[in-house]
Every structure is written in structure tokens, then in C-alpha cells.
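Structures for review follow.
Same chain, two partners: chain A is paired with chain B first, then with chain C.
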Partner chain A sequence: MTKVIRIPWLAVYAIAYLVFLYLPVLLLPLFSFNDGTIVAFPLKGFTLKWYAQLGQQDTLLQAMVNSLIVGSVTALMATSLGLFAARAYVRYRFAGRELSEGLVMLPLVIPGIIVASSMLVLFISIGLKPSLTTVILGHVFVALPFSVSIMKSAFDDFDQSLEEAAFDLGESVVGTFRRVTLPIVAPGIIASLLVTFTVSFDEFVLAFFLSGNSPTLPVYIWSQIRFPAKLPNTLALGSLLLLSSVLLLLIAEYFRRRSIQSSD
Partner chain B sequence: MSEQNIIEIKGVEKRFGSFVAVSDLNLTLKEGEFFSLLGPSGCGKTTALRIIAGFQDHEEGEIRINGRTMGEVPANKRPTNMVFQSYAIFPHLNVGDNVGFGLRKTKLSRNEIKERVAEALEMVELGGLQDRKANELSGGQRQRVALARALVMRPKVLLLDEPLSALDKNLREAMQLEMRRLQQKLGITFVMVTHDQYEAMTMSDRIGVMFAGQLKQVDRPEVLYSQPCNREVASFIGGMNFLDAEVTAENSESLEVNVQGFGQMTIGVNPNVQVHDKELLVGVRPEQLEISAEKPDGYDALVQGEVSDVAFYGESVHYYVRVDGLKDSIAVAVPNYFHTVDHSRGDTVWLGVQSASVIDLGKRESLGGEK
Partner chain C sequence: MAGVLRSETGKGLALSAPATLYVGLLVAVPLCILVAYSFWTQTYVEIDRKLTWANYQEAFTDPLVRHLMIRSVAIAGAVTLATVCLAYPIAYFIAFRTQKKTLWLLLITIPFWSSYLLRVFSWKLILGFNGVLNSALISLGLIQEPLTFLLYNEFAVVLTLAHAWAPFAILPIYVSLQKIDRSLLEAATDLGCSKLERFVRVTLPLTVPGIIAACLIIFIPTVGDYVTPALVGGSQGKMVANLIQVQFGAANNWPLGATLSLLAMLSVGCVAIVFVVAVTALGRRIR
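So, the complex of A and B:
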């Protein structure tokens, strides 16, 4: 009797897929601790100096500040717009609702380079010079689909009679929004803020086209990659960004789930 | 109940596109009355309630509450408060803050609000539960919180949208009595929307029965039961056997009729019926028929038939009796006095009826949209 060994091909495929997907990303932090300027095996030894040097580079810190400003303003604008849009999409039936929803989601599928070049042409033609403002406008555009879909899921399970009850109890329209709607969808708002911030913080193409003389962090990193000596610094910076992005998204996911639970 | 009119609705109409949700609604409610709007789902009863509350606009007609024309007055400025079907308990607030929600907009001080909230919770038997979180409440407790939250505003009219439909049967029956007791104690006008005829009958002073956007009949429960205005109303409230009849002679108070199967009898004119055709429809409640194996004495009309089905309901037994010449079998309900089921399928039985139990329902075909 021969024993047949069954190879779980699907599991093998899945593992191979994940390794292929994440291995390059994991190399980034690995080499950022390597005591050598050339990114190649074998590793030379452990060091934290690339991280330590980051704090001394003024242009980097300026780029970081730019990114934080752009990310925060983008998150606030995209989330406010997304909040109202999502409420309208979930709550009301109006002419053109589906078309408008489709248009809002469109940036997810339009190639970034097309959006970036056409925005650059548009902004210049209306006299808006490339600056952080134009980056913010571009980022709001690409972050809006994320905000709208997060806020939609927050509103989907929101019982409309909660707002009616508040109004019925004598509260004004604005007061109802403040005392009932906002607190109940608050976890969704936080999730949206975090996700849109991350989208903006990591975005490169639009920022590259629209930032002019004030680069954001990804644009700065790109400019540094041309200098081999600076590469380990860039790796260290990239690792930090990776870590913070993952953390932000985890927190966002936590709040998104809470928003779904709380509206049950 | 006083003689003061609290709600006057005149000719109110609401259309959604070409669909008429509420058509020519006329209704006057007295202060302190418990009124129910009863009807199948989609009949417009909830729309009517939402029009009174101010959540829904209406095309035509006028609503006056407490002597004031409501017109464009928004829901938050009306002397009404509502208990929602889903209860709409604010999930982010505790019980005390839920109940005190509306009082925050009044001029009451913090302490006065606290007192009013405590008093309201006491009233619905949730005394001391101010700090309980919304998601820790049972279905029955949520219902009570919703009630307290509306009553604490001391509305002129309390509107209730299917307030008990989310509760299980035992709790629902207990709450029916409790809400009725509360309403009588407070003397506030309650307007309740329900599709449950028993709920409407046990709780209400008067019931309005709605079909297809039209209010068909408004009466006390016992009048609706004994003198329904047409076939629709008769079939929606309690069980009813419908029989065709011919009018052979009539005067203002009584009709000589020949009832299919049962033969000739004299029945009273139903004052709620508008049109009496020669081709009359009459109804007999299942519990008002006598069923017996022997030919019974003392009945105005008798008919013989064969038992086609038996259904045991616990408090009563229903027999379905097939009578030659009748399209539908006749339902008979017998109270379960002695824990016996006396007849079984295939038995030949006599049915006896008193002519006073035969209800004049006017026209035979009244299932259309006409009044």
C-alpha cells in the first residue's frame, strides 16, 4: 500500500504570494540597520547611525513638516466633505445620486499621472502656482473616495429615527447633528481622518507634480535616492514611514470596526 | 377625557408621486383620548402619524393641534412627542441623558432636569437606572426609556409608531395594560399606529381603521366589532363569516333578509353602512354561532353541515363546517370550558344563530377603493 502525500498547493501558492509581496518591503528596515553604504548582502553589522543622522538634515525635517501640514489639512478637508457626501448618499434619494457617487469614486481608478498632469495644467492656467496648497487640493481629490466609503459604512447602519427623535425632542437641525449624528459616527470620522492622512502622507505622483519648491516627504525621498551615499538614510526614513503608516491604518481599522458596532 | 378637541385634521392628503398615501383624512381627537390608527402595512397609517408629528409634509388640508394651525410648524416646535418603532435610544448616552435629552433645550435648571428625569423613570418603573448604558437595556427597557423620554417633555399629544411590535408576546401584553394605565393616569392624548387588532382593541378608546390611504371607520372598539361599516373593516377586526343575502323587505330599523343557507330572518340595520343593496352581504362572528350534534332549540335560524376541519387554539376550539350551497366553510369558535373537543372531521352538525348576531354589511363587493 503506498501512502499518497497530498501537497496543499493552494497554501503553497498563498505563502509564495505573500513572500513575494512583502519580502522587498521587509528588506527596507533590514538594510536601514546595516553598517555600510552599499545595499547588498552580506550584512556588515548593526548600527543606528542612519537613524541618528536623520534628525540633523534640515531639508528632510522641512519636508516632514510639509507632509504633516498637507496630510492634516487633506485629512480634515476630505473627511468633512466625505461626511456630508456620505450622509446624503445614504440618506437621500436624489436625481444624479449614482452618477455623483461614481464620480467621487473615480480617482481610485484614474492613473495618478493623468490626474497629476491635468491638475498641473489646470492650476497653472488659473494662476495657481505649484505649492503646498495645490498639493492639498490634489490630495483631497484622491483621498475623498476613501473618506466617502468609510463614512458611508458608518452611516449605513445609522438608524434615521435617531435624528428624528432628537429633532422631535425639540433640538434644532444643527443641534441634532452635533448632539446625535456626530457622536455616533465619531469612530468613523476618526478612521477617515487617519486613512486620508495616510493616503496623503504616502502620495508621490501628485505631490511631485504639484509641490513646486516645497517638497513633501515622498518627493524628498525620491530626490535623495539619486545620491548613493544617502541611500541608507533614505532606507531609515522609509522604515519609519512604513511603521507609522501601518500603525495609523491599524488604529483606523479599530475605529472603523467600532463605528460599525456602535450603530447596531 | 374632556370635551376639548386636541387634534383636528381636515382634508389632509399626501401623495408620493402618483401614489396617494393618505387621502382626504378627516379626524378629530378629544383631549385625553387613547386613539389607534389600525390597518395593514402600507395603508398610510404611519404616514398619517408622521404628518401629525411634522416629519412629513402634506399637499392639502389642515392640521390643528391644541387650537393652533400647524401648517409649516416643524416637528421640533410641535406640542407632540413620538415613540419610534425602533425606539431610537441614543446609543452614546446613558438612560438618564436619553430621558433628559429634550429638557436640555428648555429653561429648566440642571437640578430640575434631574428631578424630572427621575420622576419620568419612576413612572415607567425604571427608577434609579439613570446611569445604565443604552446597550445594556433589554427590549422592554428600551421601550420604557423611549416612553419616558417622550413623556418627560409633557407633550399635549404622544405619538406612538408600532410601539410594541418589537417585543415578544408576553411582554407585549403586559406593556399594553401598563401603557393604558399610564395614559389614563396622565390624561395625555395618545395616538398609536398599529397593525395588531388586539393591541388596538385592548388599549384604545377609539380606533380608526385605514385601508389604502383612506380612513374607513372611526369608532369605539366594541362598535367596530359589532357594527363594522363594510367587509374590509369586518375582516380586519376579529374573525367573520361572510354570507350572501337577499333583502326582501326593509324599513329604517330592520331588514327582512333571506340569508344563504340559513334562510329567512329579520336583522337590524347597521347605522355605519351607507348603501344597502338588494344583494346584501351579512356577517356572523364565529363565536356567536352554536354548534351541536343534536338539533338545538331556541335559535332563529339553523343549518346542517359537515365538519371539514378542527383547530385547537387552547382557549377555544375552531370548527370549520361545510354547508351545501355555500362557497366557504363556516367558522365556529367554541370556548374551551370543559377541555373537550366535541366534534371531529366528517361529523354532521347543526349550526344555530340568533338574528341579532347577524351583522348587516351593506354591499357585497366593497373591497374596492370607494368609501
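So, the complex of A and C:
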């Protein structure tokens, strides 16, 4: 009897697809340690010098500081707006709720170039020069849908009776929010802060249009891509950025799951 | 006032107002200004506020604009088709053929938590003349000369974007597959459907909502994509976003840029509506 071996084609395809997905992401770190200025096989040898050189570039460090400022302020603003909106969507049934929810999600589906060009035109029209402030205003707009959806899932499983109990025991509205609601949804807030920070930290097109003379990190990288001599440094910087984004979002994912579990 | 705020509607509106107003104002006000700009003209730094159809005339008569607009929609269509076709088997695999669903979903989303700009840049390095793929193939002795058709054309744009949008296709299709009542599939088999028939007549029609969602999420932003055509498109792969950026940058013709933005938005909307109507009708017919 010959046993027919059935090849699980779908599983083979799935593995091949994973390789396709990870290839570009793993390539940058691989070549950032390569002791050569062109990105091609065979690899030349291991070096850390491209990373060491990064610390000496003042424009890069300034762009990094700009990105950190923009990311932090964006995260705080988007998460505050998202926190209250999500609370309203989950807790209350009111006229215009669906309209408002749909509108708040809209930034996800508008092409970036249209958001960028229309905001540039708006800010110039009201006399706001391109700067980090305009980038922040733009980033809050694109980060808000992420914050709202994370906060909605945090409030979704929130047990209403805990708040009612606090009221009955004489706590005020603000006190209940601060001492009961907030601690329970705190993991959701942390997840939202981290995700919106990363959205802002990685965003390019809006920052490209709105940053004026103070580039954020992606805008700085864009300016470096054109110079072949800077390629190894760009790879090193890119690898650090990839690593920090993935780490931040893994932490965010951990908190997001905790926020869903804790309320069960 | 206090009475209104204590009611359900009042509380809901008050809490959601800041976010709603923020997004609403930043959508509506720039749109109005964009419309106004599209009827103005610009000479160097001066904006001439006399109303005119000149920009629309230019946009409709200039062969370059028409060409780029058609190409943007065509490339976005190709990207959508490629991404959804490549993603469907993966979604199917995760929904039906593996126990480790959470692990697979995590594995698929992790690469997309990294910067989009850097992923596109990485594709440029992979596909280049002296790039990773060519040098690897030459080292392995599979080719003698570097392949030149990889970078700076429509193919590179479609490949890069099919990679960039992967999870946006996989996740909605996975959700719709996961929702399918398994007893329907058993019933189809019991009633004598072959595996293929069962897929075409039961599984596929039930995932139409997921497919529509995936297509819209991919198609709409892709028409206006700037980074990918700029980095890997070359002159053959330029899209309308690149032209818009030039109008706001080097060419310094904001009114024309505003007109092009509006026209791009309109064409995306029209194609999306036609698509949803067509697919919904098709889905009903299969069943």
C-alpha cells in the first residue's frame, strides 16, 4: 500500500506569504549591520559604525526631538478627545450618535494627500505658518479614529453597576469618574496613548506638507533617502525606528488586552 | 441648561462634541477653502480672487492630468485586486485551517506596526538594479545580468502597495469568514455540493461584506498615495498625488493643486459607489 502524501497547499502558501510580509521589515536591520555602502548581497561583514555615526548628527537629533514633542502632544490630545467621545458612544443613546461616530472615523479613509493639501490651505488661510503646531493639529486628526476605537473597546466591557455603586455610596460625578471609571479603563488609555504616539511618530505625508522648517523624523529620513552616501546611516536610523514602533505597539497590545480582560 | 445636560442626549452630545467638532471642522472648513481656491488663480505669489473656471478647464484639457488621473484609478484598482486575491487564501487559512488563530493574526499585523515610509523604502532597496533581489539571484547563479523590469514602473507600485495593505484585506475577510455558521457548510456538503461548489455558492457569497470593506479600505487611500509612486514608481508609475504635491511645492500653483485634490476625491467617491452597487448586485446573483 502506498500512502498518499497530501501536501497542505494552503499552509505552504501561508508560510510563503509570511516571508513576503517580513522580507522588507527584516531587510533594513540586516543591512544596517553590513560593513559596506551598497545594499546588495553578498554581505561584507559586521559593523556598528553606522549606528555610532547617528549620535553625531545634529539635524537628526533635532528631528528626533521634534518627533517626540509632536508624538507626545498628539497622543495626549487625541486620547483625551477619544476618551470622552468613546464614553459617549458606549454609554449614551443620543440623536446624532451614529453620525458623530461615522464622522470621527472618517480620517481613516481620506487619502493622505488630500488631508495634507487641504490642511495646508486652511492653516495658511487663517495665518498659521507651517510649524510643529500645525503638524500636531494634523496628527490629532489622523490619530483620533485609533484612539476612539481603542477606548470604545475599553468601555464596552465596563460594568455599569460599579459606577452606580459609587454614586449610591455618595461619590460625586467627578469623584466616580476619577476613582472608579478611570482606574478601570486605565490600560485602555495607556494603549491609546502608545498607539496614537506611534501613528504620529511614523506619519510622513502630513508632516511633509505641514512641518515647514522643523522636520519630524520621517521628513528627515525622506530628505536623506536621496543621498546614496547616507544610505547606511539611513538604514541604521530606520532600523531603530522600526524597532521602537514594534516595541511600543506590542506594549500597547498588551495593555489593550488587559483592559478587555480586566472588566470580565 | 443643567436639565439638558442631565438628559441622555445632552450628556452624549456634550461628551462627543469635542471630537465631533474637531474632525467636522477640519473636514468641512478646509473643503470649503479648497473649493474657493479651485476657482481662483495664482501668478507667482499673488492669489487672484476673481472667480474663474480656468483650473477646471486646465485639469480637463491637459492630457497629463487626465493620464495621471486614469492611471491612479487603474493602479489603485490593480492594487485592490492583487491585495484581496493574495489575502483571501490567508484569511481562509486562519479561519478554517489553523488552531493558532491569535498567533497568526499577530504575526500578520506586526510588520505593519512599522513606519510605512520605511517599508516602501525597503522595497526600493529590494527591487533596485544593484539591489537585494538582483544581487541575490546573481550570487546564486540564477541570472547573469540584473533584471531591469523590477523597479520604477507600475509593477513595483502594485507590489509595494499590495504588501503595504495586506492586513487591511486579511482582517475584514477573516472576520466575515469567521462569522459563517459552520452548519451551513455541512448542509451544502450533505446536499451534494463538491468542495469547489460549496466555496463558490456558500462561502464566497457570505464573505462579500468583508471583501467590500477590504476593497474600500484599500482603494480609497491608494488613489491618493504619494510615497510609493514617488519612491518606486519612476516616471512610468507617477500618480495624481505626485502632481498635487508639485502644485503645492515646486510649481507653486495652489489653485490648480486644490482643483486636482477635489477632482481626485470626486473620482474616488464615484468609483467606490459604483463598485459597492455592482458587487452587492453580483453577490445576490451568485446566491
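Quick note on the criterion: the second predicted complex is superposed on the first by the 261 of 264 C-alpha atoms of A that agree within 3 Å, B and C clash if a C-alpha of one lies under 4 Å from a C-alpha of the other, contacts with A are read in each partner's own complex, and residues count from 1 in each chain.
Rule of thumb we're sticking to: a contact is a pair of C-beta atoms (placed from the backbone, for glycine too) under 8 Å apart; a residue touches a chain by one contact, two chains touch by 3 or more.
Small disclaimer: the values here were computed from a predicted structure and weren't measured.
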| item | value |
| --- | --- |
| Clash-or-fit label for the pair chain B, chain C on chain A | fit |
| First (chain B), second (chain C), both or neither touched by A:Val180 | first |
| Partner chain in contact with A:Leu48 - chain B first, chain C second, else both or neither | neither |
| Touch count on chain A, higher of chain B and chain C | C |
| Touching partner for A:Leu61 - first (chain B), second (chain C), both, neither | neither |
| Chain B versus chain C as contact partner of A:Ala16, first or second or both or neither | neither |
| After the two structures are overlaid on chain A, angle v-u-w for chain B, chain A, chain C in degrees (C-alpha centres, nearest 10) | 100 |
| Where chain B and chain C come nearest after superposition, their Cα distance in Å | 9 |
| Sites on chain A touched by chain C in the complex | 8, 10-11, 13-14, 17-18, 20-25, 27-28, 31, 38-42, 81-82, 84-85, 87-89, 91-97, 100, 103-104, 106-114, 117-122, 125, 137, 140-141, 144, 148, 198, 201-202, 204-205, 209, 218, 221-222, 225, 234, 238, 241-242, 245-246, 249-250, 253 |
| Residues of chain A touching chain B in the complex | 159, 161-162, 164-172, 175, 179-180, 183-184, 262-263 |
| Contacting residues of chain C [partner chain A, same complex] | 8-16, 18-20, 22-24, 26-27, 29-31, 33-34, 37, 86, 89-90, 92-94, 97-98, 104, 106-108, 110-111, 113-119, 121-123, 125-126, 128, 130-132, 134-136, 139, 163, 166, 216-217, 220-227, 231, 241, 244-245, 248, 254, 257-258, 261, 264-265, 268 |
| Residues of chain B that touch chain A when the two form their complex | 53, 55, 74-77, 80-82, 84-86, 88, 90-92, 101-102, 105-106, 149-150, 153 |
